[in-house]
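Chains: A, B, C and D, in written order; residue numbering restarts at 1 for each.
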Amino acid sequence: MEEIEVHERKKVKLNKPVLIEGLPGVGNVGKLVAEHIIQELEAEPIVEIYSCHFPPQVLVNENGTVHLCKNEIYAWKSKKQDLLIVSGDQQSVTNEGHYIISEKMLDLAQQYGVSRIYTLGGYGIGQLVERQTVLGAANDAELVDEMKKYGVEFREEEPGGNIVGASGLLLGLGKLRGIPAVCLLGLTSGYLVDPKSAQAVLKILTQALNLKIDMQALENRAEEMEKVVGRLKEMEQAQTPRRREEELGYIR
Amino acid sequence: MEEIEVHERKKVKLNKPVLIEGLPGVGNVGKLVAEHIIQELEAEPIVEIYSCHFPPQVLVNENGTVHLCKNEIYAWKSKKQDLLIVSGDQQSVTNEGHYIISEKMLDLAQQYGVSRIYTLGGYGIGQLVERQTVLGAANDAELVDEMKKYGVEFREEEPGGNIVGASGLLLGLGKLRGIPAVCLLGLTSGYLVDPKSAQAVLKILTQALNLKIDMQALENRAEEMEKVVGRLKEMEQAQTPRRREEELGYIR
Amino acid sequence: MEEIEVHERKKVKLNKPVLIEGLPGVGNVGKLVAEHIIQELEAEPIVEIYSCHFPPQVLVNENGTVHLCKNEIYAWKSKKQDLLIVSGDQQSVTNEGHYIISEKMLDLAQQYGVSRIYTLGGYGIGQLVERQTVLGAANDAELVDEMKKYGVEFREEEPGGNIVGASGLLLGLGKLRGIPAVCLLGLTSGYLVDPKSAQAVLKILTQALNLKIDMQALENRAEEMEKVVGRLKEMEQAQTPRRREEELGYIR
Amino acid sequence: MEEIEVHERKKVKLNKPVLIEGLPGVGNVGKLVAEHIIQELEAEPIVEIYSCHFPPQVLVNENGTVHLCKNEIYAWKSKKQDLLIVSGDQQSVTNEGHYIISEKMLDLAQQYGVSRIYTLGGYGIGQLVERQTVLGAANDAELVDEMKKYGVEFREEEPGGNIVGASGLLLGLGKLRGIPAVCLLGLTSGYLVDPKSAQAVLKILTQALNLKIDMQALENRAEEMEKVVGRLKEMEQAQTPRRREEELGYIR
């Protein structure tokens, strides 16, 4: 195994595709969105990426078979807009690996004539999110203005100064290659898988891409999660009075 | 020293051997089985594998001499079924090393015309095991069906979605090379070396390979361990009443 | 991306420049000084250094755009003394990367005909600093004597025996190349960004370089920080009586 | 900087020298012995080893100058027995580096015609040592017998099954090259620099090498340390009664 190994499963010709990256991360927001799009659009897997910078493990499928930890690229062709969608089991676990894998993804994206990149993720705020919000960052000032039109918020002090992993590197390394790229980060607690935050990100993404994607599956997952969150909120409120006292005591 | 160094100690010709991997891991289950087979069958050491991805240490033998940390391949020839058995002192301690070493083992296995791989390990459940169970995963759907016949259990939610280290990678990387491979994981607490779990794995393995291997040595070790486990159970039961109260108190 | 990638943004000719390094570190002292100099002298960015040994992240600028984590070299020409100033977002996060990046900086410095190096940093003492002090170390005994004239203190037991990161390596690797180099470390608590310590370092540096640099911006930041420190001191004093008792109790 | 860089400071011709390795480690025992020998015999520094696998730091000398973190080889010529002595500031901080650096040391040792290797270290037992003891391990069964004559103890269950770092690797890698090598480990608490344990190791080493080395300097350091240890013992005894009660309480 080379440091990175690309297995092309199918050859496709695409017309200036937009690349959407949704790999595992905070609240699993990015991956939830990418996998939802892949499923709803029935996008085709075209490339598998293996690397010794992924964790040394296999994932067990439901039927008892396994597959080696990997990232995948899916393709979707349409009259309006072709798509490349990146998802996968894990991100690199080494520092160098993050760079190597992101560079390879950009190589592949450029081979397909990529016109723009959207990277998706979550931004953990350490508490339950009151109002669904999508923060943005872009590698081009014009893109910042464009994204504001879709309701993406650009805050001076958030997303905390930096974006880590593929969602960040595809913007940074993409800039050095002249590929316009935006990162959309759904606000999330950071404690739970967050399909509701994923919905918020997906809404903005479909507007920006002028695509129609059924949201029911994500909606269902969000509702299930809401019940869990509801219970957590109850527990939190039950504990709050005591906590406040403790805090005061601490400061006194 | 190259990243990986193979020292061939003896040349042998094997007929479509099955490779059995049992390296250190959870409950030391895999290594116990592999070493038991090597001893009972008097398998011959044929290959030593050294690597800068193993811990930088020597192991001290009983007579005061040392040997460098290594993995070894043993061979056993018979009329029915030739075997290659992999065991060793340690697994890789770097992420990349896991891939490099597993790839090298597959290279060697293919040189000997390997027909199938069994990887062995333990699956830690965090509590004492009531009923000896062997969970399975395979890199081929037919193998899953075959293994069910021997009593291997395939559960949707276990082994927890992933298998780490050589036991996982030999399946995942083996799949990319078209080598059928199964992983057998004995349920174990995860806290203790577990010869009883090793026995359960060995029973299934000998059935699958149609081999006869005396189990007395492993039986003896299991009995010794049972005494330790017995004492732990007593201690646990003595504490249980209080614990239950605490737990209730916690939930109330 | 190679292990290290140098992007030359502008060609300049310099006359035996002095290189000043101020990368992030304890109290951010070095970076505060380097950035202050860059701003006050309006030094020009001439080189960007990218590396897979930097954290895999982009930094978000105030306007919502991003840039890939990098180090930069700035140049400033004057009649008296040309300068090269190194600053950046981060230092290497791998052990090897520290060496690779420092070696590359020395390569570049030598291409510009560097005559001497000043590396800047903070020395954390774990408590509030009573008297602003700058400790020194040099890769040449004559430089030690020269620096003492400017008030740099050289103590037998401090800076604790070693200097970590670029500030240390540029001295150590520089020595092997015969480039004279000094490290100036401002005493700092180690808990807070410390513009006051940065001022102390800057004063000595400007004396040594016979440069005039307005300090107002750093002064303002130091004053703001003083208020924070003032409050911390109050809190510390309020707690001190009780602490002393506890300590005595511990020793009794 | 290559992964490892060897700077030859002086050419010497040696007659079948014995190599003594004493790098930093448990109780600093090995380094104390090596440095004592270097000083007493006035051995000459002949080789400096630099590597990006050492910590990225410089060490500050007493006069305010610095040197890059390194390992060094010293040579000593005599009618009876030539010596090569390895000491240094640090050992590798990466897994691969340990192998790379030990291999390089063996390359150099073989260039000088090394006849045998002694590696020195401490073996931490987690409590104050009652009786000074030196444990051994060797890469050759004959060497085990020879060392027993000098009072080295070879225990079945100690040194705990493995020896980590250069002291272990020089034995293990040396064995693969056919260089006889012994490891001498002074029993030590593991909490303190232990010149007394170093004395015990040195006594055996000088017997084995038939060398005379004045021990006063080490004796003095041991006496100073004894005072510290004495105070620790007093404190320990003062606390013991209470501790016993606590322990009983815990088991009840």
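Simple rule for what comes next: a contact is a pair of C-beta atoms (placed from the backbone, for glycine too) under 8 Å apart; a residue touches a chain by one contact, two chains touch by 3 or more.
No experiment lies behind these values; they were computed from the predicted model shown.
Although chain A and chain B carry the same sequence, what matters here is overlap: shared residue numbers make up under half of all numbers found at their interface.
Comparing the centres of all chains, each the average of its CA atoms, the largest separation from chain B belongs to C. Chain B and chain C have Cα centroids separated by 51 Å. Note on chain placement: the centre of chain B and the centre of chain D lie 36 Å apart, centres being C-alpha means.
None of the residues of chain B touches two or more other chains. Contacts between chains, counted with the stated touch criterion, involve the pairs A-B, A-C, B-D, C-D.
By the touch criterion stated above, chain B contacts chain A in their complex at residues 92, 95-96, 98-100, 102-103, 136-141, 144, 154, 156, 159-165, 168-169, 171-173, 175-176, 183. Taken together, the chain C residues at the contact with chain A in this complex read 1, 3, 7, 50, 52-53, 55-60, 62-69, 93-94, 97.
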